[in-house]
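Take a look at the structures below.
Shared between the two complexes below is subunit A, which has subunit B as its partner in the first and subunit C in the second.
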Partner chain A sequence: MKIMLNGQEREAREGETILEMCRREGIPIPTFCYYQAFGGQGACRMCMVELREEGQEQTRLVAACTYPIKSSVEIITESERIQRLRRTIVMLLARRAPDNPLMEALARTYSSPRLTAIEVEPPNCILCGLCIHACEEMGRTAIWSMFRGIDKRIGTPYDEASEDCIGCAACARICPTQAINLEEEGSTRRIWNKTFELVACQRCGKNYTTREELEYLWERTEYGKEKLCESCRKKTLAINMKSFQQ
Partner chain B sequence: MWKELLMSMGGRAMQASINVNSNDRQTVLVCCGTGCTANGGREVFKTFETLLKDHAEIELLPVIKATGCNGWCEKGPLVRLLPRDITYCSVAPEDVSEIIDKTLIEGILIKRLLYRDPVSKEYLSSHHQTDFYRKQHKIALRNIGEIDPGQIDDYIEREGYQALKKALQEMSGQGIINIVQAAGLRGRGGGGFPTGRKWQACKNASGEEKFIICNGDEGDPGAFMDRSILEGDPHTIIEGMILGAYAVGASRGYVYVRDEYDLAVQNLGQAINDARQRGYLGNRILGSDLTFDIEIVRGGGAFVCGEETALIASIEGRTGEPHDKYVFPTEKGLWGMPTVINNVETWANVPVIVLHGAEPFARIGTKNSKGTKVFSLVGKVVNTGLVEVPMGTTLREVIYEIGGGLLKKRSFKAVQTGGPSGGCIPASLLDLPIDFDSLTEAGSMMGSGGLIVMDDHTCMVEVARYYTNFLAGESCGKCTPCREGLRAQLEILNRICDGEGTIEDLDLLEDISVTMQEASLCALGRTAPNPVLSTLRYFREEYLTHIEERRCPAGVCRALTTFYIDPVKCTGCQVCKKHCSVNAIQGEKKEVHVIDESICIRCGECYRQCAFDAVKLRQEELR
Partner chain C sequence: MQIEAREYEYANDYKVLIESYSGKPEHLLAIMQDVQKHYNYLPRLAISMISQHVGIPVSRVYAMASFYKAFSLVPKGKFIFRVCDGTACHIKNSATLLDQLQEHLGIEVDETTADGLFSIETVNCLGACALAPVMVVNGKVYGKVSPGDVERIINEYGGQSYASQHKC
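Our next item is the complex of A and B:
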């Protein structure tokens, strides 16, 4: 399907989102709440682009991460209107994570004015929702958003240690502002008010995951029963491959 | 013609009820709508039941019915007596025996319970003669107050389920869509999307199953039109939905009712059961090929669930958060299937349009907004209540002619339309004909039809702050512009009301508003800056007075207000003194009173209570 992207004709696949197409075409669009594995949520609104549908004179703003391309549309990814909007969004979001390097860099890029910081819980959380999705994709749903409106925040039920949390830390790793507190000391990991015993890699001895996560993976997948950290797993695999080839 | 038609409809129904009851059997209709129930309507109803039992001398005991809301809540509890069409206002249980003895038995009117026209000073025997009702056109509310919502036969007597019979016998699904489209019916829930077009899109969409949803998640402060219809005439919703299902090919329907509406759930639940028993719902409806049934879903208590994608998520058992509507629910809605969602009031119009055709409906209203609209008229107006008027009626007619003008003859300042994310319309636009497009142009919106009248004691900055605060708590918080935008706006408005605002704050308010309008995910966020923008547009000088002079001209913002008593005007009547909750007012009877500013908490009660205009606002700049 032929569409116009920033004044040039491009090929789009029917049903793919504007963001997917732009990423493929190498056109940069800033996002907070999008992750390739889960698709778009349409929550942060950083990825808004101008869109002109067939027969329309005016453009309208749509979220690139959720708008599916279904007809020959015209897309503009950079304009004064979009710049202004991103400037305001960064201005508003940066208050939640004022000292975060990512937010500081974006504030410079879009010359966003600095507003007074606000206290949020957990500190630096910009409520992009990626952690919730990561947890949900793990099949656990230990964290979710609580309350609504300006009181909305993310946490475990009643802020207590959640039975569903296996300490995998997928939430902490995906967080763009490193807002989720992940403490590791010796052979323990603490996250979301819950303490886990870490399991050591049988090859290199590094503490690499929690017992709960390992058991969860064993139960659900064909994952080998060896206790191997990520790099040792790769190395072992490579050795096995070699012996297989010989 | 339409008026005649309605009159004849009402006339026929009345005729029918007389025939059924035979020998001019008297009927007592006690309003048990929400407003009247709060004022003791149920007790009045029960007193009638108890007392009438003791009147063995009456040969044919009157029929007593508890009806839905008559709309004239200001004068409730209302008691109406048929066939003479007598309306008694503000009836207390103690009045019941007098009504029975004098009016029902002897046929004498009780003057003190009649409505007295404030201008002509005449006593009016029927509510139909009052300005409040004469100027109304009832379509969606046609049965409410006339029938017992618990009796399916009451509804059937007034042309109930006739549209369904006509449709199943004579019309195709497409035929219904054509009529609804030709009638020009637009969604009454706020968006104003053409209903026929929505139905057509759903009919054209392919899906294993299709769904019909009635949106009864009414949440605007001061709005109760959906509640009244669900409570007072549930069968019209059911009939409307069956017609919709037949039109688009749906097999299941859901009514999403706000959780707080207990009576609505109860009445609607009974109506659904009764309709099933009569064969209007279920398999092969009235012997046709149509199979359709309705289920009630109680809302989760979030304002945002009135947004259709959030409502769908809520029915599916997910968090009530909206998502982008680049694919409409008519294509991918409930459980991914084509779904039609319409508001309660929209559904209530459908049976009338299908039965009487598009033309009588399309003749009412303006070019692009047809039919009537129900408004809940509240605030500082004499006659508060529910009114249904043709589209295109001016705000002045609604507020001054139907509403009877402002309370205490104060001067009009603004009317807030369209719920919390509507806007405030100033006196200069009072002659604006109300329709979907005119209100949007004026920077407000139709919304679900709230009309909140404000007088000159209202601070418009505080009004904007109030609604922004409401929305900040009711936004779902998913998207950045709505959540963070409302937070920032609320902080700024709080600052201005506290006398700490700056001129730059106004630019910031506008900048944030634009981003909210353009980038928010759903209609709640996109319209959320309306209270701020409309007050900035029409009442900017009030913002400037707060910021530059540090003064609240309406005497509402406490940090910016001081009151004093004008010794020339004070009569020493002691009303202000009695109303002062902190005893800050000193003064003997018939002597000039004085406010002790060190004790005064600036609540403004004395200012509002003084009948002699003696309590004044200090006008000079503070500090």
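Our next item is the complex of A and C:
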């Protein structure tokens, strides 16, 4: 269907979100809590855009990541109003994640004033919820948001090593502000107050995962019981494909 | 989640209580409330058993327990003194009541005496502002409490030794 995007006519697929469409059209919209595989959460509010529905004079603000396009609407992704909104969001989130490069870059872009930092646990966490989502998608749900209000934070029950955590570090990798403490030393990994033994790739010898994650994957997938890191898995797959073709 | 060995002594009691509900996820809150009612807090073992019973991860059960003020994650006293600190009670000097309680029992808000008898909590409003300042002890409401009443109320619950201990 035809919609107006920043004053230009564009083709939108019915039901896709504004953000999906803008990403496809190459129009930048800043986000913290969005991850393509999970869809929008509407948590960080950075992706707010102006939307004018048919027959309406006024525009209203909607979160681009969760708003599905269902009729020929008009969308404005850059305006004084949106700039002001994002400036405020960055100003407030930067209090939680003051030293974060992404946050600093955005603070410059939107000339957000710098306020005194507040201490949060874990430091730099903006509570976007991506780590919870990643852990849930892994089928573990070892972490969740605990307590509420100003005390709300992400963690494991009782802040102790969780039986459900397999040390896969999906949470740490997806975190937009690198707030999750992942320590690796030699062949051990420490995350969420739990220590894991790392397993080496049988092909290149690099320590690439934890025993717990490997066993979990073996149990759940039909992969052979091989220990291959991501790049070696690709290489092996390519070699196998080649011999298959011949 | 570390569970102390002595908690397993109660495993059967928890089991009976938890299994009186069907294992549907929507019963989670009701089960938690029931356990809280019986034990005045949510023991670790019970949280883990509830999680298994309703098929919801421990992290989510714990998150829920930490979210609602009605749940406690640490053991509470047999008698819980809930002092209202809502606007009306605050103006009517609920702070003095709190001070008195804390002084007599020798504990702070949200703490429990070593013998497990008394706990002090504050609550934002009990909806009985006409009776301000209000205090509730295990469901019994005390209205228009004056600082002089505090000792008497503590004694009602067998806290004589506390009262005399801390008298100047």
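Methods note: the second predicted complex is superposed on the first by the 246 of 246 C-alpha atoms of A that agree within 3 Å, B and C clash if a C-alpha of one lies under 4 Å from a C-alpha of the other, contacts with A are read in each partner's own complex, and residues count from 1 in each chain.
We adopt the following convention: a residue touches a chain if its C-beta (ideal position, glycine included) is under 8 Å from a C-beta of that chain, and two chains touch if they have at least 3 such contacts.
Everything quoted here is computed from the prediction, not taken from an experiment.
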item: Joint occupancy of subunit A by subunit B and subunit C, clash or fit; value: fit
item: C-alpha centroid angle, subunit C to subunit B via subunit A, nearest 10°; value: 40
item: Which superposed partner A:Asn6 touches (first subunit B, second subunit C, both, neither); value: neither
item: Touching partner for A:Leu93 - first (subunit B), second (subunit C), both, neither; value: first
item: Subunit B versus subunit C as contact partner of A:Arg148, first or second or both or neither; value: both
item: Which of subunit B and subunit C A:Pro157 touches, first, second, both or neither; value: second
item: Which superposed partner A:Met48 touches (first subunit B, second subunit C, both, neither); value: first
item: First (subunit B), second (subunit C), both or neither touched by A:Ser79; value: neither
item: Least Cα gap, in Å, left between subunit B and subunit C after the two complexes are fitted on chain A; value: 5
item: On subunit A, positions contacted by subunit B and by subunit C; value: 144-145, 147-148
item: Of subunit C, residues touching subunit A in the complex; value: 1-2, 44, 47, 57-63, 66-67, 73
item: For the subunit B and subunit A complex, residues of the former touching the latter; value: 302, 304, 319, 323-324, 326-327, 471-481, 483-488, 490, 511-512, 514-515, 518-521
item: Subunit A residues within the subunit C interface of the complex; value: 140-148, 156-158, 160, 162-164
item: Subunit A residues within the subunit B interface of the complex; value: 41-46, 48, 61-63, 66-68, 81, 84-85, 88-89, 92-93, 95-96, 115, 118, 127, 129, 144-145, 147-152
